[in-house]
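Shared between the two complexes below is chain A, which pairs with chain B and chain C, respectively.
Entry: the complex of A and B
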């Protein structure tokens, strides 16, 4: 994301506060902003969600339709996540082809859901090697105030949990829609992404855009319901010590467990 | 599906769990580039060329306070089994970004305000772990260009194959293994500057995978150092 040029004084204030274990918006270091989830906001989509993480707001829609499988994966359905930051979300975003930041955002969100195997894709095959069900999860950031990774990930997971899979019948190798019959998606686990920023020696959870503007490095870790670490992405122009990386994994598991409870209710 | 590991822990390419593939690095292989390197890392064959510090085009990208680093990771159409479309894919754009961010902490960009250092990496033949190999070559090429650096950057992946943590994942293990964790470090500064993971690890496996990868990076560092010494010290002493 294009860094905000924040007041040098504010940057100093953020760092000064961290020294006493506080953040500029009053949160503790490992505290997420409140997460509001609303599902079923777009009736024309098979599943949808609108989430607010602090002031960051994302709408995700799920579309489900028959498709050809990937050539080497004929026994699995298709799952594709995308993400974009709409120009109305941020004064620094312009219309046009996706920047590398946006491509990274979409790929990290996709990786979290794919690597945890949240959806059992084997159950989405209509005719092996020929026809499968495709699930397309498209997220749009509509208001950006930092931590778009988690926001898009939560919206995608919420939209997937709320979706219904239409039934298709295969006649002469052509799948046709059976009207009025749907089922729940084959959900196996709940991936929860936790993004942390390192500012100096401090690791903070769920950075706002002000905090992102003065972070040294970023870490996004996705865990599954069984407490395993399934996907990870380091970002930013600085590094982490090995000890900090272990600390990040512990924070991700701990914070992830809390947030997962909010998603359990959507099941 | 190929068997990835025998019962006595021998991998599909004959290596033990903590063996690296063969690595060779040559420094200064391109005449026009300010710095360059060629790496063979298993079946990976990768060229890296560095230009700069030089004027920034387009001009609006220039920063008054610091130099900037740009990086392009690109795969040749003939580098993989099925021809690859030469246009940069989303995967290549993401890898370019993480390689850039892995190198940035090492390069002293503040010394060159209003300029750019361009790092171009071309994967001529791809095997598993091409981003790590590309990064290893890029770091050596930056050093060859004489650009001031805090440290080299050394990269190597570790992962989980047949329920065991192994070093330096090859192509088959990447496709069919359980986890892949590319890591890059600044070996003397002691910081991790690139890290990604896909695959499922328990918290204990995560720690041991990270340790294994860092151990691999340190061994790669020795090979990078030797390659640089070969160009600059042995001929220089005479």
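Entry: the complex of A and C
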């Protein structure tokens, strides 16, 4: 995805406003855009969600089906996250193989869910080393206005929370679907990712695409319900000082707690 | 004024039939005149045209546009002019005839992201539009705020004989540079005036197709109605 080139006047304005603790859309530095969550939007999927984070919009579907486990992880179910930015989401997106940014997006979302151990994958084993249940989470960005990491992460978590796991019985080593019997997924915690951008000395939460166009560095921190940092991704060409990193982790915990309340209602 | 029949049309709508001349955004199929875009059709005595409600900017020679530098090559700058075409500004236009790619650095004059007021010097659809800054009031824009509106609403923002833009400029004391490509730079010393001007421009963009717009903009800006007597209400 070729990124937005922001005009010099707007860049100066964004930086000027930050000095007085304001942002171009009127938010405070550690304020997220309004988050709307809607679940059950794809009737044929096992679970789905559509979220709006300001003008960014993501739709996610969850598919659950029996699969062979990975050779080294025979005692765990499969969890795979993918992401895609549709060409209609942004003028700079072209159809074709996924770019570096999209691969990073999918990996950060996957890491957040995997490393917080949101889903107890041990409970998804049908026959150890032979057959397990696989959860496939596919996110599509349908409107891109910055902070796709959080938007895709929230949509994936909401879709997982709303999904139902079909029951499979094993006969002669072959899993077969038991019609009409479903259960809730084995959710253990709620991963909430918080993405921050550094513009000069200022750390802002949930950057829009305009703010992303003038940021120096980016940090995504995923925390679990117990308030532990479980996953972290740094982006952008420049770095963070140790003090800024500590500040980022504090913001991630603080903002994450607020967002988590919205997700707890979905449980 | 001539008797003009107006109505809303969508692509494929038959606007009129008979021996009549198709103009902007209209094509002829036998005797039928068919719209090619969403807009308001206007049937004149011997011609028919559609004023689009939305659409991209199509460059025209002599148009004033506001462009954003998106790239450079050894001999020219490339501009985003809010169109399907990329605008080209030759280095010689800025550095003069003795420009030398080995000696002069383009980015010292105009860097990526800079906004420039330019005029379309030449364009014929087979090549990308050629821009020029060789005129009064053209060149790099150093201050102000960029607002984007639909290029098809630009004539409405200017108004008949510039009435709308004069109203906004007088009421807010802002200086407004309108590019035909729908990009507008507003600068004002007073931040409240700037906000008001921006709000008025956005209002014109949203309500361009509605009647009595000048009056409504005036009441929004707090200008007494009828102060600017040469304003023509539509």
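Quick notes on this one:
The rule we apply is simple: the second predicted complex is superposed on the first by the 266 of 267 C-alpha atoms of A that agree within 3 Å, B and C clash if a C-alpha of one lies under 4 Å from a C-alpha of the other, contacts with A are read in each partner's own complex, and residues count from 1 in each chain.
Heads up, the rule we're going with is that a contact is a pair of C-beta atoms (placed from the backbone, for glycine too) under 8 Å apart; a residue touches a chain by one contact, two chains touch by 3 or more.
Just so you know, these numbers come straight off a predicted model, no measurement behind them.
When the two complexes are overlaid on chain A, chain B and chain C sit side by side with no clash.
Looking at the shared chain after the overlay, A:239 reaches chain B, while chain C stays out of its contact range. When both complexes are overlaid on chain A, the residue A:229 reaches chain B alone and has no touch with chain C. Touch criterion not met for A:28: it reaches neither chain B nor chain C.
Of the two partner chains placed by superposition, A:188 touches none, neither chain B nor chain C.
When both complexes are overlaid on chain A, the residue A:13 reaches chain C alone and has no touch with chain B. After overlaying the two complexes on the shared chain, residue contacts for A:55 are found with neither chain B nor chain C.
Computed from Cα centres after superposition, the angle at chain A between chain B and chain C reads 100 degrees (steps of 10).
The wider contact with chain A, measured as residues touched, comes from B rather than the other of chain B and chain C. Between chain B and chain C the least C-alpha distance in the superposed model amounts to 5 Å.
In the three-chain superposition model, chain A touches chain B and chain C at no common residue. Within the complex, the chain A residues that touch chain C are 5-11, 13. Residues 68, 70, 80, 111-115, 141, 143-146, 185 of chain C touch chain A in their complex. Of all the residues in chain A, the ones that touch chain B in their complex are 100-101, 103-104, 106-107, 111, 114-116, 219, 224, 227-242, 245-246, 249-250, 253.
Contact residues on chain B toward chain A in their complex (touch as defined above): 90-91, 93-94, 96-98, 101, 104-105, 181, 185-186, 189-203, 206-207, 210-211, 214.
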